[in-house]
Every structure is written in structure tokens, then in C-alpha cells.
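So, here come the structures, one by one.
First subunit A sits with subunit B, and in the next complex the same chain sits with subunit C.
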Partner chain A sequence: MRIVVGMKWVPGTTSVRIDPKTGTLIREGVPSIVNPHDMPAVELSLQLKDKYKGEVIAISMAPPPALKGLEYLIGMGVDRGILVSDRAFAGADTLATSYVIAKTIEKINREIGKVDLVVFGQETIDSSTAHIGAQTASWLNWPYIYYVHDAKFVDSKFVVERVLEDAVEEWEVELPAIIATHMKALKPRPVRLINKIRYKVEKPIMTWTNAELKLDPRCIGLKGSPTIVSKTVNVPEVPRKKIVYTPKSGEDAAKWIIETLMKDDKASKVLMKYLSMEGEVQ
Partner chain B sequence: MASIPTRFDVIVVGAGPAGSAAAYLLAKKGFSVLLVERGKGLGDKNMFGGKVYAQPIREVWPELDKEAPIHRWVTKERISMVDGEKVFTVEYRTEKKVSFVTYLTQLTQWMIKKAEGAGALLASEVTVEEILMKDNKVVGIRSGPDVIEADAVIDAEGINRLLLERLGLVKKLDPDTVGLGVKEVLKVGESNIESRFGLDKKEGLAWAIVGDVTKGIPGGGFIYTNKDTVSMGLVLHLSKKLIDEGSFESHVSSLIEGFRLHPYFKPYWKDAIISEYGGHLTITDAIKFAPSKFAYPGLLIAGDAAGLLLSLGYTFRGVDYAVYSGKLAADAIEYARNNGGVSYENLQVYDDYIRKSFMYEEIMRHRGAITLMNSFELMSRYPKLLTKVMEKMFEADYKHEVIYNSLIQALKEEGISPFNLISQAFMMVKGI
Partner chain C sequence: MSSNCNICPEWDCQKLEDFKNVWVVGEVDENGITEASLQMLTPASKIASKLNTKIIGVLVGYNVKKFANQFIEYGADEVIVLDDEGLSMYSPHVYARAIAELAKDQKPAVIFISATMKGRELGPYVANTLRAGITADCTEFDVDEKTKDVLMIRPPFGAILLAYIKTPTRRPQVGTARPNVFKLPPRDPNRKGKIVEVKVKEIEKPKTRLISKKMLPISEVPIEKAELLVSGGKGLGAIEGFNMLKDLAKTLNAPVAGTRKAVDMGWIPHEKQVGQTGKSVKPILYIGVGLSGAAQHTFGIREAEVVLAINNDPNAPIFNQSDYGVVADFREVLPALMKELSELKNKLKAKGS
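Here is the complex of A and B:
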């Protein structure tokens, strides 16, 4: 089977800081990484390839530094990467992005070979919309299942397992289809030396610009993006009080916590409100 | 599709200064080279104080001065002796381009680009788990399930020699041979650096500090001026004895904070924010740390892994030694090729190259410095003595003491006999 997996090149959140004055991300000097939630998607794609043969193609719509991310995925065992990169795609919201991705998948379908499955991660760590999978499925008119943690063929039918809070659903899906993995679905495999050597020797990467995709400029980039972020509000971090108390017993600890909270203006109000609500319920 | 090679002429483990230099020269000489690096970002895994000596590196890259990411050439060298708030400082100024300050990640990235440009194949984010032996000869490496073979492997894995330990060629790290380096990078700003340290554009300062900034632990402090930041930190000599005695009472973070907040040094980085901090091991006793041989059948050891670091207290040389040992490894492999093949007999020249090099001679010549640096006298009592002499000379409301009397009085107060002072001073001059 031919599987396409989506990857986003995002700023590593552990080191991201917000400018308290402007409320925007400080991107300067922040190293980028493969969106961690895309990793289960890559792992699932590779497991399906291990079982059913075929190829896995990773795609990413991003500026050229994202090649580092595609290199990483090829190091894991992905067969090739396609970087969709053009200044004309810049400033895209999820609608314009999913449009470009859908058109990329159509082009792969036409020129490389029939695509059976597209896999995305649950969401990205830098915007958390979880739009791309659903929107791409809408553009292509393919079925879409999300929160997936496993997929396999059962008697030539493609069966997808979807995790919900209190249940696991099994869906039979007609291919081609799009699935999005649950962020904790699978642990990604490490990079392999032999795949890294292959990356350097074969350079299995293509870059498609809008010269190749030939998309209507009104549907891509900033022009194709009807949604805007009108305002961001910076919620300041509440400084911790750093009080350490070593209790003599559990009872003593509970007593101390309540007493300390009651001494605090804000905390005591919240506590009292909660306690009176409890009373009403009973 | 091209076939994926599983055999190279040479595999270099570790893309630091030693590995990159070896890979660069070997690729240039026409060898097929695989350079394997475990770090995610290139240069991620290494750390240094801040200063690099240029000349040995120019032997590999004559274009160093023009092309390398050099922040500032060191024109000022300072040494300070600290005792509490009292500080005694000497300064030397030169215009000769001997050493420069930079970020090691930037310099390493430049070196790796050079190696890749010359044709070396770089595989990053990959950990080598084993150096493979067959019939008592190194034949390649293993990473996960992947085995790659080579005529020779250059081990440039750095100070934490897990691969050499697994091969049984070196013992586990001995606290008596290593120290802990901790460092903070402070965002001071370009113009502030120049005005506060009295530097011109492109001029840099290297500053060594001895005395109680390390709270009695042998070692010292350092300060380097980068382009728009200042690197400052401490090197703490570890030793079993000190660990057993419980000398490491305070956490390193509070030691470095004490140094950063010291009233004498604090104004240099007023209002600066800490943009980076880190810690790394460093070699403090190169002779004891070095493997018994530098060349084994199919294996050459270079850089920190070979113990090639000169630590004199007032100056450290590691990066240029690493690069130079990488060059010698490349020379040895070329010699072997031109003399009938990469056999052990031929590779053994590397051992000679190292032992006859300026690096090894320097390490041997200065070996007395190690003993001195670990001595309580040099680290605590002499800074105290010197600052006391200064105190007698300058801190007078009406009458100033003559220098001789200042010294004698200070010696008496510190309980140091003039004979001890002279013999130790002699040792210092001879040893360092």
C-alpha cells in the first residue's frame, strides 16, 4: 500500500517563550522539531508498511529548514519526502494549508502512484487546531477517522481502531481514506544509521513549489485564508509562594493546608465557595 | 536507486573538532569517510569555556581566520586572585592573533560543513553502540541493528568514553582525572562588552580567576567575552578524596551564582539576562586519563577521548589539540595507505605522531601543574596571601607599609613560612 504521512516542522515548545508585551511567540533562536504528535502517525505508517509492504511518503508544507524534519523521518524508515514549499503558500490558515495538502496528495496519486491511506497526527503543538486531517478529507471527499491507535486489514477489509475516553471503536473504512492518530497511540522507533546513510546517498527528497502544483493564488497563502487571529491575551504566570512545611502526620498536613489557604484572601474565598456548593449537593 | 554503502574506508565516531578535522582531511585525500554523530543539532554535545588557540587549527584549515565564526580575537588576558571581596588582578595586552573567542557549537558546525563539503558522509542523530572487533582487530561499528564496516575507525567520542570502556581499552571515569565545568552565557550586549571590558571592536578578553570563587575546591573561574555575550563559569576538580571529605557541600549552581554576584565581577554583566547555561566534564589530569596506546589494530583514538587537553589553570587548550590530533590520525591513515595498507604495523605511526607532537610534549612538560592545581596552597592560601599584601599596601588611612613588611606580615598572619613560599614559587615556575 502507498501511505502518505503529514509532518509539521514546529518550534520546540520546551524552549518557546511568549513576549509579555506583544503576546506573540518569540521565535528567534528557538530550535524547531518534528511536531511530536506526528510521530505516532509516522510509526503507524511504518508499521503498516512493515506488514503490508509498499511505501511511505512524508509530506510537509513548510520553508526549506523543514528538510531536517523529513531527514529525521527518512532516518526512521520513511521511503521519501516531499517538501511543499513556496513563498506563495506563506501566511496560510488551516483552510489554505489543507487545500495545498489535498492538491499535493492528488498530484502524488496522479504522478507517483495510487495513494491508499493518508495519516496525520492528532494536532500540532504550536496551534492545536486538529483541522488539517478533517479539512483534507473534505477537499478529497475521502472518509476520515481520528483518535486512531491501530489499523489493520481483516479479511481484505481495512479496520481502524479509534480510542475514546470510555470505549474503543472499530471502523471498517473504505480506502483511500484519511486517519489521524491519537497523540499517545504509539511510541516512535529510533532513527537508524543505515537509513541516514541512505538519505545522504540517495537524497530521496523532492521539493514542489507552486510552479509544479499550479494552484489558484486566491486559494493559497494569506489570500486563501479567511480566518485571522484578531487578538491574543497573555495570561501572566502566577508566582509560586514556595512555602515548605514538613507535617507530623496526614491529619496535621490536612490541617496545615486548610489553615494556610484560609489565611490567603483569594484562596479562602475559592475554598469557601467550593465548600458551600458541596453542602448544596448533599 | 544507488546502492546503500555498508563499507567505508574510514569511520569517524563523533563529529566534534577532532572527528570533523579527521573526516575533512581524509575525505580530501580521497578516502570514503562516514562521520557519525549522536547529537541532534550539530555541535550540541560539546562544551568549552570560550577560548580557542588558532595556529594548530590553521594547519588543517588555513582559511580559519577569514571564514570561521570567530567572535573576537583575544587581545587581553587577565588573571585575578580572589579572597572574599578582595581581588588582585594582573592584565596583559597583545595584538597578535593567537587565540579567539567563539561559541563551540558554531565553530563545530563550521568544521562539520567543511568535512561534508570535502565529501565525508555525515550521519547525525545516530548513536554508535559498539566498536566491532574481529580477530583482535577493529572492523567497524554497530548502531542498533546496523553494522557498517571500515578499514579503520577513529574514536573521537569525547571525554565520556563509553565505546572504549566497552572495548576494555580504558577504565570507567576516575574522578581524580576529571573536573566539572559549569558555565553561564550572559547577554550583555556588544557595546556594553566593549565599554565595560575596555575593548575595541573584534577585540576579546580571556580572564582566569583563582581563589575562593570555588569555595576551596581545586579549580578556578573563567570569563570570556563573545560577540554580544559573556561566558563565565567554574572548573571544579573532582577527586575521590574531596568527595569523601565532603568538600562538595554547596551545589554547583550556588557556587556559580556566588561568582556571578561577586561585587568585583557583577558590574561587568549588570542588567544582563542568562541566555544559556550548561555543564560538561573536562580532563584535569591528561596523563592519567590518556589510554595506554593511541593506536590499536584498526582503531585510532583522537581528541578528548585520547586525553589530549592541556589545563594550566590560567589557560586551557582542548579544541586546537582535538583538531590537531584529528589531523595526525588522518596523516597516519594516509601513511598506512601509501605504505602497503591500513595494517596495525602501519597505523602504529599514529602513536608516534601523538607522542612526538607539541601537544604531548606540552602535557608532559607541564605535568607539575596538575599537582599544584590540586594543592590547597595555590588555590586558597596564595590568593589570600597576595590580596593581604595588597591590603597592607593600599588600605592605610595615614601610613603605608613598605612592600617587604607587607609581605612578611601577611606571611605571618597566614602562617606560611618564607621557605615554603619560595619552594612553592619555584615549583610553580618550573611546573607551569
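Here is the complex of A and C:
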């Protein structure tokens, strides 16, 4: 089967700092990484390939530095990478981004071979929208299942298992389809030397710009994005009492905690209520 | 056509003034409309009043009409029901296309969807099918006084910034919010409202089929429902430390939650994670032990009424996010605290009997 897996190249820390003067993010000096939530998606794709043969193609819509990320995934065992990169794509919201990704998948379908499955991660650590999987599926009119942690063929039918808040579900999915993995789905395999050597020798990475994709400029970048960020502000602080105590001992701490909580109207009530409960709620 | 129409040919042309009303999409389970969906009536009411328009509940499924009145009781002015045998089983793409079809027909200005796990699957599919903008996991909504665009307010980038996002040229404006970000509006069993049954041209054939569903054990109170919650982070060091926290929770009869680190360490399952990639909780008392107070975590306890933190690092940011802080090693504090609590418990019992 031919599997396409999505990758986003994101700032390596979620503790991004803000420039106090401009109120914008300081991205300089923050090294980028493969979005950690994409790793289970890559792992699931590779496991499917291990079991059922075929190839895994990683795609990323990003500026050229994201090649490093594709190189990493090839190190893990992904067969090839496609960097989708053009200044014309810049400033895209999730609708315009998913449009470019959907068109990339169509081009892979036409020129490389039929795509059976597209796998995305749960969300990205820098924007956490979890939109791209569903939106790409909508552009392609493919089915979509989210929070997947396992996938296999049962009697030649593709079956995925996914987790919700209160249940584990098994779904039969008609291919081609798009799935997105749960962030705790699978532990990613390490990079292997043999794959790194293959990368050096074969350079199995292509870059597609809009010269190749030929997308209408009104559908991409800022023009193709219905949403705009009108402003950003610091998250307002929740007002807290901020009473801090440094105790002399554990016993001292315990006494202070109980006294303090008992003096607090709300805390004392709930504490009494829970302590008077019969049995265990855990 | 207007200049509005020099747009991506994949989009349909729109006249913004044709779009009215605020929709809330109802997720339904055996008991009716989920609390998470009904909570979305709270921001819907704010936005509808600022836009001087109606709140419409939208129910899509099979045999769901009987739940329509719940929407009215919690504040919707009207309910649109698409009740069709072809929707007897939830399939994300089929439901999304049906909701999108309804929206094309009825032209709501705003669509709110609760960002439950199913909502996060469905919402972007609906919005994209409409070629509309969507903003995920909002924490507040407002209206731009001048343009009357809805402002979707959300915290990207590790929960330190709030972005105000708007959709000036497209409708509907789709927004989602996580469960418990908004309070459930009060129920009024005497409220009346119109319930309208509608049809769409075609219900698509599902390409996905649910073949089995195993409920997860619910012997435990979900952390988002607890009034007293005990929570731990990396500072607990090892599973032994986390077990000590569990003992404290047992003494208190309270459920245990944790940070992303606690989940990563395997001390606690993901559904008990508090924070931006976990859940938002709203206990009356939140006791955080050995957690530093990263913005992504404290984002999930904004609705906690009282926060008590125990951490041995006086510079831990959690002390700025707490009402009461104790700078001490949890290994010394917890056993003493459990002893005090047990004595208190016995006193209460003696009094009670």
C-alpha cells in the first residue's frame, strides 16, 4: 500500500518567548524539530509498510529548512520525502494549507501512484488546531477517522482502532482514507544508520513549488485563507492569592495547609465534603 | 458579481448580509444532547445578543428529534432537526457533509461546535466543506463592534498568547471550544421554542463503519467533574512519588490527575492529563504536587477556584498561579498531611455518628 504521512517542522519548544516590545513571537534561536505528535503517525505508517509492503512518502509544506525533518523521517525508514515549498504558500491558514496538501496528494496519486492512506499526527505543538487531517479529507472527499492508535487489515478490510473520552472503537474504513493518530498511539522507532546512508546516497527528496502544483493564487497563501489574526495579547493572569509558606518541617507544612484551607470558605467546604464521603471514588 | 467574487474558484460566492443566526451543533448520546454541546449555548447567547440574532440548535442523526427540547430548555430559540435513517450511525464525513449541506441552505452567520474528541474530528470537516474559516479550541468569543465579525479568541503557542482571529470575508464563522471552558447555562423547563424538521438532498453513503465499541471502565470520577482534584508532575520523580500522591488522593476520596510529563512517564493515563493537550478542569480545590506550573498546564486550571501547590523549588512558576503555596519536599509534606487529614476524617466521623 502507498501511504502518505504529513509532517510539520515546528519550533522545538512550546515555551516560546514573546518580544515585549512588539508582542510577537521570538522564533530566532529556537531550533526546529519534527512536530512530536507526528511521530506516532510516522511509526504507524512504517508498521503498516512492514506488514503489508508498499511505500511511505512523507510530505511537508514548509520553507526549505524543513528538509532536515524529512531527512530525519527517512532515517526512520520512510521511503521518500516531498517538500512542498513556495513563497506563494506563505501566510496560509489551515484551510489554505490543507488545500495545498490535498493537491499534493492528488499529484502523488497521478504521478507516483495510487495513494491508499494518508496519516497525520494528532495536532501540532505550535498551533494545536487538529484541523489539517479533517480539512484535507474534506477537499478530497475521503473518509476521516481521528485519534487512531492501531490499524490493520482484517479479511482484506482496513480496520482502525481509535480512542475517545469514554470508549475504544473499531472502525472499518474504505480506502483511500485519511486518519490522524492519537498522541500516545505508538512509540517512534529510532533513526537507523543504514537509512541515513541511503539518504546520503539516494537523496530521495523532491521539492514541489507552485510551478509544479500550478494552484490558483487566489486559493493559496493569505488570499486562500478566510481567517486572519487580528491581534495577539498576553494570556491574562488568573487572579490568585499567591500566599507562599516555607515550613520548618513536614508536620509544620501539614498543619499550615490544614489551617489555611480551613480558613478559606470554598476550600474548607469542599474539603469537609470529600473527607466525609463514604468509600472511595477512585 | 461583486468584487467579493474574485475569489478562489473552489469557493462559492457569498453575500455576507444573507447570513444570520448562531448555530450550536448538538452531539448526541443515549441520554440526549451532551453537556459539552449544551455548554456552547453560553457563548452562543453572548454572540447572538451582540449580533441581534437568534440561537439555533442543530440536531443531526436518527431518532434524535425527541431531544430537541433540551436545546430550547437550555437557551436555544429554535431547533433544526435533520432526522434521517441514513444517519443512524455516526460517520464523520457523512455527518459533516449533512451539516454542511444544511448550512449552505440555511446560511448561519456563526457555527459553534464543542471540541470533544468527536467534535474535533467533525468541526474542521464541516467548515472545510463550506470553504469557511474555523478556529479551534477557543476560550472566549466576542464581536468586533465596527465590522460585526465574530472574534474567536484562542491560545496558540504554549498558552502564553491569546490570538484574536476573525473571518472578515466568509461565512459562516466556525468556532470550537473544549468542554468545560464555558459553563452550562441554567435550565428552564418552561422555555418554549420552535422545532423545525428539515431534509437535505442526499445523505452520503458512509465509507466508514463502526464495528465495535468498548466502553472504558467508569468506576472513577472523570477529572473534569471532580470538585476536589489532586494532581502531580515531574517533580514527583518516580512512580513511588506518584503513588504517594495517590495515597493522598485516597485519603481525600479525590481523583488523581497529572501533567503532560506525568503522562509521558507513564504514571497516569492520558485521559487524566490536565492542560492544553489534555483537559480543562474546574475543581473547587486543586492540589498540585511536584508540578512546576508550565503555562500549558496551568491553562487547564484557569477555572479552578482555589489552587494549593506543593513544590520544593521556590522559583517554580506555579507559586504565581496558586492561592496557597508550600515550598517543601513532598516526601516530607505528604505523609504528615495524610496523618493530619486522617485525624480530621476520624473527628468528622465521630461527630457524624
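In the analysis below, the second predicted complex is superposed on the first by the 231 of 282 C-alpha atoms of A that agree within 3 Å, B and C clash if a C-alpha of one lies under 4 Å from a C-alpha of the other, contacts with A are read in each partner's own complex, and residues count from 1 in each chain.
One rule holds for everything that comes next: a contact is a pair of C-beta atoms (placed from the backbone, for glycine too) under 8 Å apart; a residue touches a chain by one contact, two chains touch by 3 or more.
Nothing here was measured: the structure is a model prediction, and the numbers come from that model.
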Which of subunit B and subunit C A:K184 touches, first, second, both or neither: second
Contacts of A:K273 with subunit B and subunit C, given as first, second, both or neither: second
Partner chain(s) touched by A:I194 [first = subunit B, second = subunit C, both, neither]: first
Which of subunit B and subunit C A:A211 touches, first, second, both or neither: neither
Partner chain in contact with A:G75 - subunit B first, subunit C second, else both or neither: first
Partner contacting more residues of subunit A (subunit B vs subunit C): C
A:D264 touches, of subunit B and subunit C: first, second, both or neither? second
Shared subunit A surface residues [contacts with subunit B and with subunit C]: none
In the complex with subunit A, residue positions of subunit C that touch it: 6-11, 91-93, 96, 116-118, 120-125, 127-129, 131-137, 144, 151-152, 155-170, 206-216, 218, 220-222, 227-228, 246, 249-250, 252-256, 263, 270-271, 276-277, 283-285, 294-296, 298-299, 302, 305-308, 310, 314, 319-329, 332-337, 339-341, 344-345, 348-349, 352
Residues of subunit A defined as touching subunit C within the complex: 13-16, 18, 25, 93-95, 98-99, 123, 125-135, 137-139, 141-147, 159, 163-174, 177, 182-184, 216, 218-219, 223-238, 240-247, 249-251, 253-258, 260-261, 264, 266-267, 269-277, 279-282
Contact set on subunit A toward subunit B in their complex: 31, 72, 75, 190-194, 196-198, 200-202
Residues on subunit B engaged by subunit A in the complex (per definition of touch): 1-2, 4-6, 34, 36, 41, 121-126, 128, 143-146, 148
